[in-house]
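Chain lettering (A, B and C) follows the sequence in which the chains are written, and residue indices restart at 1 in each chain.
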Amino acid sequence: MSALVIEGLSRNFGGLRALSNVSFSVEAGERRLIIGPNGAGKTTLFNLLSGVFKASSGRISLFGRDVTGLSMHERARMGLARTFQITNLFPRLSVMDNLLIALQAGAPGAFSLTRRMRDQTVLHAQADALLNQWGLASIAMRAAREISYGEQRQVDLILAMAMQPRVLLLDEPMAGLSAAEVVRVTGMIRSLPREMTILLIEHDMDVAFELADRIAVLHQGCLIAEGDGPTIRAHPQVSEIYLGVE
Amino acid sequence: MNFWAIQTLNGISFGMLLFLLAAGLSLIYGLMKILNLTHGSYYMLGGYVGLAVMRASGSFVLALLAGSAAVAVLGVVMERFFLRRFHLQELPQTMLTFGFLFIFADLALWVWGGNPQTMAKPPLLAGVTALGSLNYPTYRLFIIAAGVVVALMLWWFQDRTRVGAMLRAGVDDEEIARALGINVSLLFSLVFAMGAFLAALGGVLAGPIMGVYPGADFEVLLLGFVVVIIGGLGSLKGALVGGLLVGLLDNFGKVFFPEFALFTIFLPMALILAVRPTGLFGRE
Amino acid sequence: MNRQQQLAIAGIAGAAVLLAMPWLFGSYYLGLATKMIIFALFAMSLDLLIGYTGLASLGHAAYFGVASYATGLLALRLGWGVGWALPAGVLVAGLTAALFGLLALRARGSYFLMITLALSQVLWGIAFGWRSLTGGDDGLPEVPRPDLGLPWSFADNTPFYYFTLAVAVVSTWLLMRVVASPFGQSLRGIRESETRMLALGYDTWRYKFAAFVLAGLFAGVAGVLYVYYNRFVSPDYIHVARSAEVLLMVILGGAGSLFGPALGAALIVLFENIVSGYTERWLLVLGVVYVLVTLFAPDGITGVVRRLRQRKAGQT
């Protein structure tokens, strides 16, 4: 079954066509890499999928259900999670609180006025477990804006993972990371359950090709190629406009 | 018949004053995202300065120019030395413009006292003009004409001049404006000066018919906001249409339901907010 | 002594001073203290929006004033006692906040500021214009103080002080519960990054709307207390100048902690009282305070204290 079906998706900004008639589908459990030069429409695609922007035309289905008209939080509730190209945390809150908010989103009593946050022991235990799992326990009580950039990127990813999504959109998770951090984050992505569908925008080709089952190439808002690693490497237009230039 | 014609013209002339006020409010917001709470003070101060100049010199034209120019300088000072330091930080900007609102209100009260004052109409415009069977005060017609002239000039400025094109680009997207190599800093001061000038011009023009009084600042500020909410932020057309609409609604509201005059502008505003939050001519 | 012990001692000392106030100060200053407490509650209610949710409302006096009018009218015209008039006033404030919230929460940023301000000024205009109901700018005089059937008359300052203190303490406790709840945590999340909250699956509109109504309800409690305190209500209660004043209280004290805005409110009330003794130019002074606070203490007194504390911690 297809986790995600995109049909004729377009988005205009004023006179500018950021995404033009893009169609493809992603199978459940697939790891799909999205590549393309800067300005190709990759992040616009993610913003349309997650509901930040409304599509100018076209259709998006998630597990067979049309979500084109749904708002951002409704799509999130259906199991769609994302990270952000520009780190998007709760900067003045502690890393712990960042995680608690993410975990609480799906938990009962998120809207509760009568409970106390500090009594949400299950959430605290889950947050501790996640932080320990990824070796970030030492920064739990520090404000998100005060930790290192590499740590922020990891927390960004953990927030999305904490939702236990069915489809996860990762927008350049390795951008700006040191070699050691790239290894860590790659490990994190690898550790995700195999049935989770992942769409990944990434510029680090070595890492990205290794993680991906299939690849889609965007150029100037259009989908110009789709296929597995060897197919894409061999694709003449792709090597011309993208791999060759890189 | 005459009743309707007179009240309609009254509404339009007041609407033109609101347009002068709202045009600056709207452009300043559109370009800099500053909610300028001092805008009503510009109107009031324009009126007071104009009044003083009128009394000293007897010249209405001089009163118009001096009142508007003095307030324009004030606007630039506020923009350059205070608001600029908090670019795109809405809360500090709000606090500052609130502060100046209080400072100007109290200074005006100190200098000019608490009693409403009326400016003498210039002799040339003091009479009535025959419009068919209708005799209508010439001064109010003059206000309508002044509003039309300012509207045309603003249009010409925005559509035909280079600075106007920059302004439009800036309202659309500041990044684009910077990318085009536009000196945004100078543009900001210019628009602030223009906005303050127009608001003060409205204040001087209003002097002979509505008087100058403490509290006028808050009163027109509210009406200016309503105009901008109805017309749409950043749109000159919105300021004009909204201004006329609110002018008419306010006028007929006061005639027919004196106790609930504000309801007649509140209901359309609430309706617009519910149906089209960006206003009639605002961008999505 | 660790920080928690320090706070506990400060809390106990504060409570002792509040309780002993009638013995410490004369009747005049007791009245002033009562006013400080009322405005502290008012400022805390606005802080729920500004400090916790990141929504800067410029029309917060609307809920304060509408509650004053509702309670005043019910007490004067229908002879309702405090047991009914207080909840009714608070309810009217909440309903007003719900209506305004529906309209204003469609907008963001400074557009939201403008809409909240415009809506509240319309209410002011109604209070000013609808003379037959509200008395216009003369207001409604001689609103009776509440009568709980106790041996002490609330017409006296001391019993009324304790009444105000009791209502404010209960309200503060409720507000503390709200900000410590999962709901309160979500409000902080919205303040920090609304897009992230949406991406996590939070229906942020619901949270903002609920916060808006809650803030209106607590502002209403303050408004009811104030009409009883002054025995009078006028359109000034709703005026944007009052909304601006409570905004200053929040910013001066430091948004985002209930204690800061309460402190800011107490200081402004005290300062107004002192300045008014020397000059009629209170508005001018207030305006200058706005500018100075914005330029030199944008995160308020609690922010300044926090920075000093951090500097000290950095040195040792």
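Operating definition for what follows: a contact is a pair of C-beta atoms (placed from the backbone, for glycine too) under 8 Å apart; a residue touches a chain by one contact, two chains touch by 3 or more.
No experiment lies behind these values; they were computed from the predicted model shown.
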| item | value |
| --- | --- |
| Reference subunit B; chain at largest CA-centroid distance | A |
| Among all chain pairs, the one with the most C-beta contacts | B-C |
| Chain occupying the most central position, where position means C-alpha average | C |
| Centre-to-centre distance between subunit C and subunit B (centres being mean Cα positions), rounded to whole Å | 32 |
| CA centroid of subunit A to CA centroid of subunit B, Å | 47 |
| Distance from subunit C to subunit A - Cα centre to Cα centre, in angstrom | 42 |
| Junction residues of subunit C, two or more chains touched | none |
| Subunit C - residues contacting subunit B, complex | 50, 56, 58, 102-104, 106-107, 109-111, 113-115, 117-119, 121-122, 125-126, 129-132, 239-241, 244, 247-248, 251, 281-284, 286-291, 293-295, 298 |
| Footprint of subunit C on subunit A - complex, ascending | 50-52, 71-73, 76-77, 81-82, 84, 88-93, 97, 100-102, 104-106, 109-118, 120, 159-160, 163 |
| Contact footprint of subunit C on subunit B as seen in their complex | 29, 33-35, 37, 82, 85-86, 90-96, 98-107, 109-110, 218, 222, 225-226, 228-229, 233, 258-263, 265-266, 269-270, 273-274, 277 |
| Partner subunit A, residues of subunit C touching it in the complex | 177-178, 180-186, 188-189, 192-193, 195-204, 206-207, 210 |
